[in-house]
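What follows is a group of structures, each given as structure tokens.
Shared between the two complexes below is chain A, which has chain B as its partner in the first and chain C in the second.
On to the complex of A and B.
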């Protein structure tokens, strides 16, 4: 085997080529980790948004979107009194009538933005146990309660989102009564309002849906209810299925992030092959000399792989540092709200494997091409 | 000088294709080189002298004939086996030295020893001895670019002999050196042959360089023309 110092010193032989290889690897690794963190974050948020005990009553034919759904106002009361197996506390059923509405809001010194508003009653707290108040209290008439990630959608600094601030909606000012958290769910990007307020302002006399919290994940009674009460024109969708459907809807977007990363990766790999070929081609006579001394082609190939691998892994480690510093936890907005990029151990591993893959696969074609020529011809090479 | 030949070429022929044409740089050549002999090969360009040298060094394989070196027919060895054979039997001295630029003189000379199972101490002793033999013990930590052409060629000679191979092959070893450096390198090769018993085969264009050898062979169109014993 060739001494390791040979690979190390060759690494610094041409600083520009080292820089090219390192930056190429950094870019590809960063892209792979970015795409991975994006997918991980979005998937985690959508999958965390469904609870197996919760089931949603929506308007028949609008199973894919609560915002498009309309059901009669009375459906909530009828469901609470008819369906057995709904959780109860202090004599109140865990039934949350809701109105979902994409409305335009404006924070002080910020642009007017479209954001998801959810009109709720206090029963919502019984249905969503993961929800907790970080500051302030539940909204009453004339008040709003944003999720802790809503600052991103509102286009304001995170620290500006606090109880007491005013938000303008439909020409009226609403005071923020509190800030809530519902870790990892889409709700954190929403702004909750008093149900009656929202219905008045949007001039709707119907609901978007009713969410029920059952005692067990068995939803047969709810389905039976919707079948018996055809006049209400309800459709029953378990909350987990609803968000799984949304996740499926966004699958092409996640796919596109991978395709983009892959295409740029292939481009960078082609550039890397070219750079490494140039680096090795200038050393054909030297590589032939090593063979003349008795080193096998496998031993030389291994040394060349070590050399390229060090550059690529260095690029990947730099990419990892940058990703952990700047990507991890970065809030990204999309139509459903906002989620945080998630640099999970799997994403980190994918990034490091990318560096490994680039180092090995990027070395093989140019190295083999430089090791194949017959020794007499290679020794005559100008180098 | 031991009487049994170290090198025995029998009907040695080399063909290769150049486009659609078959070229035969070496044709049915017979040659014996006794152990410890310093042999010079001369001839015009294309006469086949470098081809013969490459075959003897095991960096090329003959198309026909036998090539027995130190009792072993190397004409049938695979590329991998030839690699291992070269490491043990041949030291190659190039016209352009071919030192590894990122390694010091010491590290360059050490390279052939890393193919064997020498201990670190043994390697150090051998490298220092080889560099002392070529008069460069005070330059061992210099990189090739910090040495003169003559010094680089001496490092290359130290690298060729450090593993103590019985055969040294030299392709125009003085072709890139000034007169003084060339004389010094030739004297060193003579010493290696006469005092250390190394068999040396040297290709040269320079008649003055050839005079350093024990015997001079002329090649033309792939055939031996004449053999000339030179005065000691």
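On to the complex of A and C.
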């Protein structure tokens, strides 16, 4: 075995090469961790958005999108009075008639932005128990209630989103009545409004859907209801399935982040290989001399891998520090709302493994190329 | 010595596993038809045949009637695990299979080209109830020839909750027609 200090000393023999390897590793690790955190954050948000007890009644044929769905207004009342097994509190059924609308809103001193509005009644609070009011109260006519992440979509600083502020929608000013939280769900990026207000402003006499909260995750009675009430043309979709469908819909976007990371990783690996080929080629005679001194090829290869690993893992550690400092918890917007990048232990491990992979795989081909030639030929290459 | 002991044990275990596999019942065995459902299949007289669009307005809850139609008019005609199907009136509802170019649709039993009002007027939901008034927990698809687009004659009673908009029938007798 070659002494460890040999690898360390060699590491600093060419500072430019060290910097190049370190930056390459940093960039690839950062990208892998970014892609992982993006996927983790988006998947977590969409999976947290579905409750096994909740089931959505949508328009037949519009099962993938509540915004496209239309069902008769009376569906909510008929469902509440007909379907057995719906949760009840104080004589009221947990049935939430809703209107989902992608509308343009404008906050003071901000650009006009498109954002998802959800028209609701107070029953929504029975259907979504994870929802809690952080400030203010539930919206009445002429009021809006944004989720705590809506500031990102509105394009305003987080601290500006507070009760009392005015938001402009369809040429009218609406006062923010309160801010709500629904941890980890898409709802936190939405803006909730009074159902009647939203229906008037969007000139719709129908609903997008009705969400029911059942006593058990058994949705058979709801399915029977939709088959019996064929005149309502309803489709029954458990809330978890609805958001799983959305997660599936966004899978290509998540895949793209991985492909981007992979392509840049391959580019960095190719660049690293090139650098190491040149670096090791200039050391063929030195490595041959080590063999004449009695060190085996395996021992020399191990030392070269140690050398590259130190550079790559240092890059990965720097990437990890940067990611935890600047990427963790970063809010990202997409058409369904906003979510936070999640630097989970799995993502951190993936980053460290990337550094390990780059160090080992990047070293093997150039190192083997230097070690394979017969000793006399290798020694002669010094001249 | 160890190898000599382990090999027969492994061989015995493998043989035992093979034996279990061989004795397992075939997975494709059809489920038994609920006798309450089976008892409904009989010949029904075609006298006084009613039509779905008129019957939904002319008959009240608990009225008995005989209807004829095809299992069609919706994307989902049967409900998994529940004795229920959608019956479509053959003069009102046109399934995709009867359209000039049936290949335009992957679901030849629905009536996606008909206006919504026609689909609603021309279809009824037929359910089979148990003694407690609950839908019998067995799907009807494939039972005694009941398939998508099957021609069926139904003797039924108008169900509670049925109205001019939602026409719901409790089956008293069923006959699959050729």
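Simple rule for what comes next: the second predicted complex is superposed on the first by the 381 of 383 C-alpha atoms of A that agree within 3 Å, B and C clash if a C-alpha of one lies under 4 Å from a C-alpha of the other, contacts with A are read in each partner's own complex, and residues count from 1 in each chain.
Following the convention adopted for this analysis, contacts are C-beta pairs under 8 Å (C-beta built on N, C-alpha and C of every residue); 3 or more make two chains touch, one makes a residue touch a chain.
Here the structure is a predicted model, which means the values were calculated and not measured.
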| item | value |
| --- | --- |
| When chain B and chain C are modelled together on chain A, clash or fit | fit |
| Where the C-alpha centre of chain A sits as vertex, the angle toward chain B and chain C in the overlay (nearest 10 degrees) | 120 |
| Which superposed partner A:295 touches (first chain B, second chain C, both, neither) | first |
| First, second, both or neither for A:82, with chain B first and chain C second | second |
| Contacts of A:274 with chain B and chain C, given as first, second, both or neither | neither |
| Touching partner for A:220 - first (chain B), second (chain C), both, neither | second |
| Partner chain(s) touched by A:230 [first = chain B, second = chain C, both, neither] | second |
| After fitting on chain A: smallest Cα gap, chain B-chain C, Å | 35 |
| Common ground on chain A, meaning residues reached by chain C in one complex and by chain B in the other | none |
| For the chain B and chain A complex, residues of the former touching the latter | 50-51, 54, 57, 59-60, 79-80, 83-84, 86-88, 92, 94, 98, 100-103, 107, 111-112, 114-115, 159 |
| Chain B-facing residues of chain A, complex | 1-3, 5-6, 9-10, 13, 285-286, 289-297, 374-376, 379 |
| Chain C to chain A touching residues, read off their complex | 74-76, 79, 81-82, 84, 86, 116, 119-120, 123, 125, 127, 135, 161, 165-168 |
| Complex contacts: residues of chain A adjacent to chain C | 60-61, 82, 220, 223-224, 227-233 |
